[in-house]
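Have a look at the structure that comes next, please.
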Amino acid sequence: MASIIDIKDECALHVRDFEFTYKGAEAPSLKKVTMPIAKNSITALIGPSGCGKTTLLRSFNRMHDLYPGNIYNGEIEFEGRNILSSKEDLIHLRTKIGMIFQKPTAFPMSIFDNIAYGMRLQGLKNKTELADRVEQALKDAALWKEVSDRLKNDANGLSGGQQQRLCIARAIAVEPEVLLFDEPTSALDPISTQGIEKLVIELKDRVSIIIVTHNMQQAARVSDYTGFMYLGELIELGHTEELFVTPKEKLTQEYITGKFG
Amino acid sequence: MTAVEKRVVVNKIILALSTLSAVIAIAFLFWILGVLVMKGVDALNWNIFIFEGAPPGYEDSGLKHALVGQVILITLATVIGVPLGILAGTYLSEYGKNSKLAHFIRDISDIMMSAPSIVIGAFVYAIVVMPMGHFSAWAGAIALAIIMIPIILRTTDDMLQLVPGTLREAAFALGAPKYKVIMDVVYRGAKAGILTGVLLGIARVGGETAPLLFTSFNDNFFTTDLNAAMPSLTVTMFNYAISPYEDWQQLGWAAAFILSMFILGLNIMGRLILFAGKRK
Amino acid sequence: MIDKIFSNLTRFSALLVLFIVAWIFTELYNQSLESIHAFGFDFITKDEWAPNLDKFGAYAAIFGSVASTFLAMLFAIPVAIGVAIFLSEIAHDKIKGFFGVSVELLAAIPSVIYGMWGLFYFVPIIRDIFGGMGIGLLSAGIVLAIMILPFMAAVTRDAMNTTPDILKESAYALGGTQWDVIKDVIIPYARAGIIGSIILALGRAIGETMAVTFVMGNVHHTPSSITDPTTSIPVTLANEFTEADSSLYFSSLFGLALTLLIMSFMVIAVAKFYFLRKERRGS
């Protein structure tokens, strides 16, 4: 029914028959989604509001578990195991699969402490190593030049775009395998947005990236693969260029041409 | 133990301690409520409502005087305090809004909400009891009203601000003068909230003892003379409970039970009204 | 025309609030003048309260107020924070509702009932454990703590709940536990609100009369041990106001009232002006 291409390269994640029902809901929000996520590439999830793309994204790092009562069915395979199992060590999982949110979420602490936070959680205490990795993470996030002289300042003094890059630096400092981006530029101005998009493309050499976006043009600019979702189902997954130029499903075609938002 | 394992253990300990705190708090609640209900129900009988106060050891003694007195004091305080509180809250929300004066009044009013009620009693003693030469229901009611006003002011101010500005604009656009916009549109829109505020204000002053101790003082006999000392449930409860007489202590518990039911009832009613209002 | 009357009426009512507050201070001050002239600073520093000798040094009462409140804070703060954490982070919806309502119920019980329960049920326990009469500083501190607990837990929980969800989720997303999120994100974020709430509760506790009057005793001397009966400013006022027989006695009591008012006003004002800045929405 859905047109999902076969990903010949290695997969970072594989979703199989995944069904998700919110607590107290009558019908599932995600209906038997099957989807491979290619390694070291960028997969964009697009679709109208309520299609389930954010719900799917937040399942990868089991963020839904913070709000008990939801029901998972099916499987999400990562590093050879099903991460939906109740035996899964969520703390460990989240150091492997990181997340960037819709609004910049700088913690109420200094810039340095923000970046170091994830590493400190894992027990890294050595001051030199921390300093080195903080510097590296900030460089990777293209933020080092701007903040290297004020690492002890409160992170909330940074601009929106800078804060979001801070959050990215914070996430990559723990060296995850996968990075999840939940509409990361929706609260930013166009110039900051450009910066973030550039950064995301640079990062794909080291992590596999899944990005949820409301903005089709962004998906087209940035991603290698695009998945179109509608009403809880994955309608089509393909190479970004092909999907946008020659979509295989009628629904995809209609969404892309703006027949519905 | 790795750092991660250590964090998980610490987390479990903290969560356990927090749960323990909650259990402790609930335990005290049940203990106090349990005592209240047990001793109160035990002491309840129809005599309480029929007879007025009497010296210890008397057969026919009750709380009629205190119950009626409490109602009189609360009613009087409400009549004085509620209109002033609502009007003041209206000023803050509709006229003063974000001006420096309005903010200052709000801050001072908030501080007064937590100020010691016994000090208010002393104040009213100085300005009402001393000039009058004797205790009176008026003094007690004024003390309670002073305590009530900041509460009503705050809830009215908050509730009125919740009414959307577009509603007011629509009324103005039809040519209504400001006072009519407020009375017909804003008050109506905030009706439930204001009523809840009033009920909670009454519940709060209804349980006050300290400000009455030397304003309305107390009386063991039934009276409706506002110019003389007025019995109240709270002061009676205090006097009886602290006395060495068992039958008085019993009455004290009965009074405590009745008062608590009344206040809890007001609280529940207030929240129900707010809840029902939100549903719409 | 009516418009003018209405708006003036509202302004008058609002200004009345300020006027009453100012009047309270000035009236209490005027009434205390006699004792201020008679004793000066000794009023606050001398532990010498002898009505029949017309000598009034209120140190014992002030000490009692401060000490009992300090004890109450010692017991109440950890438990209140624990309850707040429980309510905002641990409890599932139904339990949250049950506990939430219970906390509000506790806060609505009149303080005189806490006092009665304290006298008849708690004091005997203290008496059994520590000996002596059972009434005194320790009992007062504990009863006060129980009384102030619901309020403190509720406002602390409210302060913690102002933390935005995605900020918390960001910390979880890095592999944090609940305690990590509480100590590294929620508490720093809501620090001002939490401290403000605690100080506000302190301000209330200092003025508490009825819960304490039952269990403090009425001994106007600084206690030599924590289980000795003593007094506090509200307790003294409650017990002695109607028995004062000389104008100096009255004036000293008014002086006590003024002292208490200033103490609690300052504490609450600090909480309000420094820690509990609240943004007001415009109409």
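Which chain is which? They are A, B and C, in the order written, and residues in each are numbered from 1.
Here is the rule we go by: a residue touches a chain if its C-beta (ideal position, glycine included) is under 8 Å from a C-beta of that chain, and two chains touch if they have at least 3 such contacts.
In this text, all values refer to a predicted model and were calculated from it rather than measured experimentally.
Novice: If each protein chain is taken as a node and each touching pair as an edge, is the resulting graph a line, ring, star, complete or other?
Specialist: Its topology is that of a complete graph.
Novice: So which has more C-beta pairs touching, A-C or A-B?
Specialist: A-C
Novice: Which whole number of Å gives the spacing of the CA centres of chain B and chain C?
Specialist: 17
Novice: Find the geometric centre of each of chain A and chain B from their Cα atoms only, then give the gap between the two centres in Å, rounded to an integer.
Specialist: For chain A versus chain B, the centre distance works out to 52 Å.
Novice: Would you kindly tell me how far, in whole Å, the mean C-alpha position of chain C lies from that of chain A?
Specialist: Result: the chain centres lie 49 Å from each other.
Novice: Which positions in chain A touch two or more other chains at once?
Specialist: Where chain A meets two or more other chains at a single residue, that happens at 91-92, 121-122.
Novice: Using the touch definition from the top, which residues of chain B touch two or more other chains?
Specialist: In chain B, residues 4, 7-8 touch at least two other chains, as defined above.
Novice: Going by the contact rule already set, what residues in chain C reach two or more other chains?
Specialist: 175, 177, 180
Novice: Give the list of chain A residues in touch with chain B in this complex.
Specialist: Counting only chain A, the residues touching chain B are 91-92, 121-123.
Novice: Quick check on the complex: what are the chain A residues that touch chain C?
Specialist: So the residues of chain A in touch with chain C come to 61, 63, 66, 68, 90-95, 98-99, 101-103, 105, 107-109, 117-118, 121-122, 167, 170-171, 174.
Novice: Where on chain B does chain C make contact in their complex?
Specialist: 4, 7-8, 10-11, 14-15, 17-22, 24-26, 28-29, 31-33, 35-36, 83-85, 87-88, 90-98, 102-112, 114-123, 125-127, 146, 149-150, 153, 161, 165, 168, 177-179, 182, 203, 206-210, 213-214, 217, 234, 237-238, 241-242, 252-253, 256, 259-260, 263-264, 267
Novice: Touching residues of chain B toward chain A in the complex: what are they?
Specialist: For this pair, the touching residues of chain B are 2-4, 6-8.
Novice: Which bits of chain C are touching chain A when the two form their complex?
Specialist: Spelled out, the residues of chain C in touch with chain A are 92, 164, 166-177, 180, 184-185, 188-189.
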